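Here chain A shows up in two complexes: once beside chain B, once beside chain C.
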Partner chain A sequence: METLSYRHKAQERAAGSKSLAIIGVVASGNLEVLVERLLPDTECQVDINTAAEGFGAVWEAVVADFVERRSPGGLKLSINDGGARPDTVALRLAQAVRLIEEEDR
Partner chain B sequence: MNARKLEAPDVSRVANSKTVSWYEASARQRVRLMLDAGSFQEFIGPEQREQSPHLRVFDLPTQFDDGIVVGRGRIAGTSIFVAAQEGRFMGGAFGEVHGAKLTGLLRAARDTKSVPVLILFDTGGVRLQEANAGELAIAEIMRALIEARMAGVKIVGLIGGRAGCYGGGGLIAGCCSALAVSEQGRISVSGPEVIETNRGVEEFDSRDRALVWRTMGGKHRRLLGGAEAFVDDTIQSFRNITLHLIGSVPGFGLDVLKAEQARLEERLQRFGDCADAMDIWRAKDIFDAEAVPIMSSSDFIDLANRDGDPRYDAR
Partner chain C sequence: MKSWNAQKTTLAERLADGRRYASGKTIEVVDLPNFLEAVIRPADRVCLEGDNQKQADVLAAALADVDPAKIHDLHMVQSGVVLPEHLDVFEKGIARRLDYSYSGPQAARVARLLFGGKIELGAVHTYLELFARYFVDLTPNVALIAAVCADRDGNLYTGPNTEDTPTVVEATTFKSGIVVAQVAEIVDRLPRVDIPGDQVHFVVEAKKPFYVEPLFTRDPAAITEAQVLTAMLAIKGLYAPYGIRRLNHGIGFSTAAIELLLPTYGEKLGLKGSVCTHWALNPHPALIPAIESGWVEQIHSFGSEVGMDDYIRARSDIYFTGPDGSLRSNRAFCQVAGLYACDMFIGSTLQIDLQGNSSTVTTSRIAGFGGAPNMGSDARGRRHPSAPWLQAGKEADPDGPPPLRRGRKLVVQIGETFGDKNVPLFVEKLDALTLAEKLNLELAPLMIYADDVTHIVTEEGIANLLLCRDKDEREQAIRGVAGYTDVGRGRDGKMVRRLRERGVICRPEDLGIDPLDADRSLLAARSIKDLVRWSGGLYAPPSKFRNW
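Let's look at the complex of A and B:
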């Protein structure tokens, strides 16, 4: 197992008022993302626990791209990863932010 | 929740639960779409990070909810407890934390003496990486389940997930007040591969999918009385049958146990010599037994109901 953590400055606070959301499942080629509104509005943190070791550079690039596109200010995202591909990771991160931004129906 | 929100028809949600496949849905989707909108309150949610302490020893990734969602909610206004296993995380298998969450839920239900419990099974059995803790969890869950039933709680099991309901999950299911199963659901203790490994391919060919389904699948379990109800593979169907079952299943006591023992003895006597599920269907005088596996859900439900309702004096 490998543990990674990235902290970024975000341009804007993520919309909505929900305090947490979760998406995905820990399975082969898949991952879960738990997103919590815990940080100051301009901060964003992504903590990763992954079964696939040695891909730090790829994670760093995917996370940087995510922060730039979604501007997830105030959010702490925690990942349990079962060896997902970068496109799956990007999808789950985007889903997590959308979930915490939308109002409960 | 304000009055306007209560009155507004939630069109998207209604469309969703009618069409969303139970088999394809995640544990969280099943809970969200089955219960009244916005009514679910989770206990020990993922943010508490109560994860398996054993998996890291094997260098395996954990899941924040340890593969089971437990909490309280409402279904058509009725207060219920609910537990849903996530079959895609380690095959929905029982570990120490996973099991403890279900045990705790059943004890909470016991203390209320009335609030029904829904168990959305989706499990291959005990997690091999924490087998001792998992086996103990199965025993604790069965004890807690029986104690809850003795206190007057109805416990309904719903089975239609990708992992089926195997191993200790099959034992727990057997202790429930009633079970509902879809065609995709399978209920057994030893799985197909386990039987083949221990007794040989002549005994059970695990790659023969038709054999697996007609031995352990939802249709056979319904015809044999192992499940009280057979449902279509949609979340709406499981919601409807749950409402029916919590309204109709009997209480629990010595007379019910005696009736169940009599039912099982009679079943063994009638079908004990049958070598295949199809022999049992023929022995039950089901017209065109060969057609049962390909029958549509609605035709099958008609057939199963003609064959006789489940005995409501037993279980």
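Let's look at the complex of A and C:
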């Protein structure tokens, strides 16, 4: 197991009013993302628990692109990773933001 | 005195030698090796019909069984090197030289025999190119072909897998060569005549069907979310804006995903009738839901596909069929159709370099090309306009005078940034180049040349190479959709941002694609069984695809 954590400035607050959302499953080649609206509007944090060690540089690149492309201000994302490929990680992160963007009802 | 008819004289001698083993035109399987030794001469050019799908397997086994002291130094000219026997003839010294197109299942052994010096390689061709050479400088002296059945006069019924047969027979028989056909049975009356009997010299009753490989069946259960996302990008970012009606698909999972998204995602985008109506395509089972939903007007096929016979028979408005009701395929004509009458080719590959050259060759596997380089190339002889062709031409040369500006075929490479076993799709140097150096080849075996590729689609987005104005832009556009591969991470962030602003790179979010839609539930069929249901029970998948 390896634990990684990245904190970034975000351009904009994530839309919507839901306080949390979860997507994906912890399985081989897959991952689970829990997203919570816990941080100031200009901050974004991504915490990663991964089964595959030694991929820090790739995670850093995936997370940096995610923050730039999706502006997830105010969100803390927690990842349980079962050794997913970077493209799967990027997709799940995008999906997590889309889920929390929905209005709470 | 010079004889102007020496070939006809030789043919008559060979026929007389062969007839010693024949009753009428019929040869028994047990007599085959002796018969072949009688009609074949050392150093002959021989086409042992190995197509993409159907194989003259009984004739292949017999040829591998002849005495190398009598028959040797043959020059094999065949499109597919598929069966072990196709290579046994080289190992035994029966054959020496090889010109071919495709060697999927034997790719590793072809590489070993090449390195071991057992095969003297002429060239690896595209199908159409090899067929062309059959009529110029690679005309067979002997063709060993496969059909479903024959009558006593040698008329042949090929069934749905006509494939290469008419081309091979045409080149051989009309240049005084010998044609020997393997059939499952000899019957009194054929369902239809695919090859006229006066073009066929001998027939062997194999008493079993020829071997056919189910090459075009993709189990929807294996399609990933990334492939669904990539397919959405292709449909919304290419099919819709260019209005692609006439096209060819490769055989990978990425294009199977596109086929399965037409009745769902394509429907939602309102594209039915304006894209994907006319195809040069094998009978892909994955296209059944789109056909059943009314997307497709017609399909011409290179070959057939195992299990599709009854479905095709029941959908003769869509497919080309004979008076007997079954499919008539023809590889040469369909390749021509793909080259001249389609506005788009889209397919997967194994490696793409920084300029967009692509290859499926690795140093331990020489799989050949098949038809992709022909499909995946701009036809310089094309003269008829169409909207997508003109649009692509305009993007490549915006300042050129329209009446003199060539159009362009859309040649699209599609894939996931990381392929099977997490191998990156994008590389700095193609294995094909390393191989060419190792084997001293004059040409590296490239599947598609960079200057023919117009777009690259991955789950990261679409790179429109028509809009790139120089080598640097091209490289950064490719790096920009290469994701987190080493090539992708080596991109110049600033330049990629500029390319995105110009629409050279298009991300899913630029097209308004919701990542939540990238879900397998968007596939019209999620299993082989779903495809059977869509077909109303007419599609009969081969047993290896049945898990119920």
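Convention: the second predicted complex is superposed on the first by the 103 of 105 C-alpha atoms of A that agree within 3 Å, B and C clash if a C-alpha of one lies under 4 Å from a C-alpha of the other, contacts with A are read in each partner's own complex, and residues count from 1 in each chain.
Heads up, the rule we're going with is that contacts are C-beta pairs under 8 Å (C-beta built on N, C-alpha and C of every residue); 3 or more make two chains touch, one makes a residue touch a chain.
Please read all numbers here as calculations on a predicted model, not as lab measurements.
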First, second, both or neither for A:Leu91, with chain B first and chain C second: second
Touched partner set for A:Arg69, first chain B, second chain C, both or neither: second
Touched partner set for A:Ala61, first chain B, second chain C, both or neither: second
First (chain B), second (chain C), both or neither touched by A:Lys9: neither
Chain A-touching residues of chain C, taken from the complex the two chains share: 225-226, 229, 416-418, 422, 458-460, 483-484, 489, 507-509, 514-516, 518
Chain B-facing residues of chain A, complex: 1, 20, 22, 25-27, 30, 32, 34, 36, 49-51, 78, 80-82, 104-105
Residues of chain A defined as touching chain C within the complex: 57-58, 61-62, 69-70, 85-88, 90-91, 94-95, 98-99
Chain A-touching residues of chain B, taken from the complex the two chains share: 10, 12-13, 26, 28, 37-38, 45-47, 56, 59-65, 86, 88-89
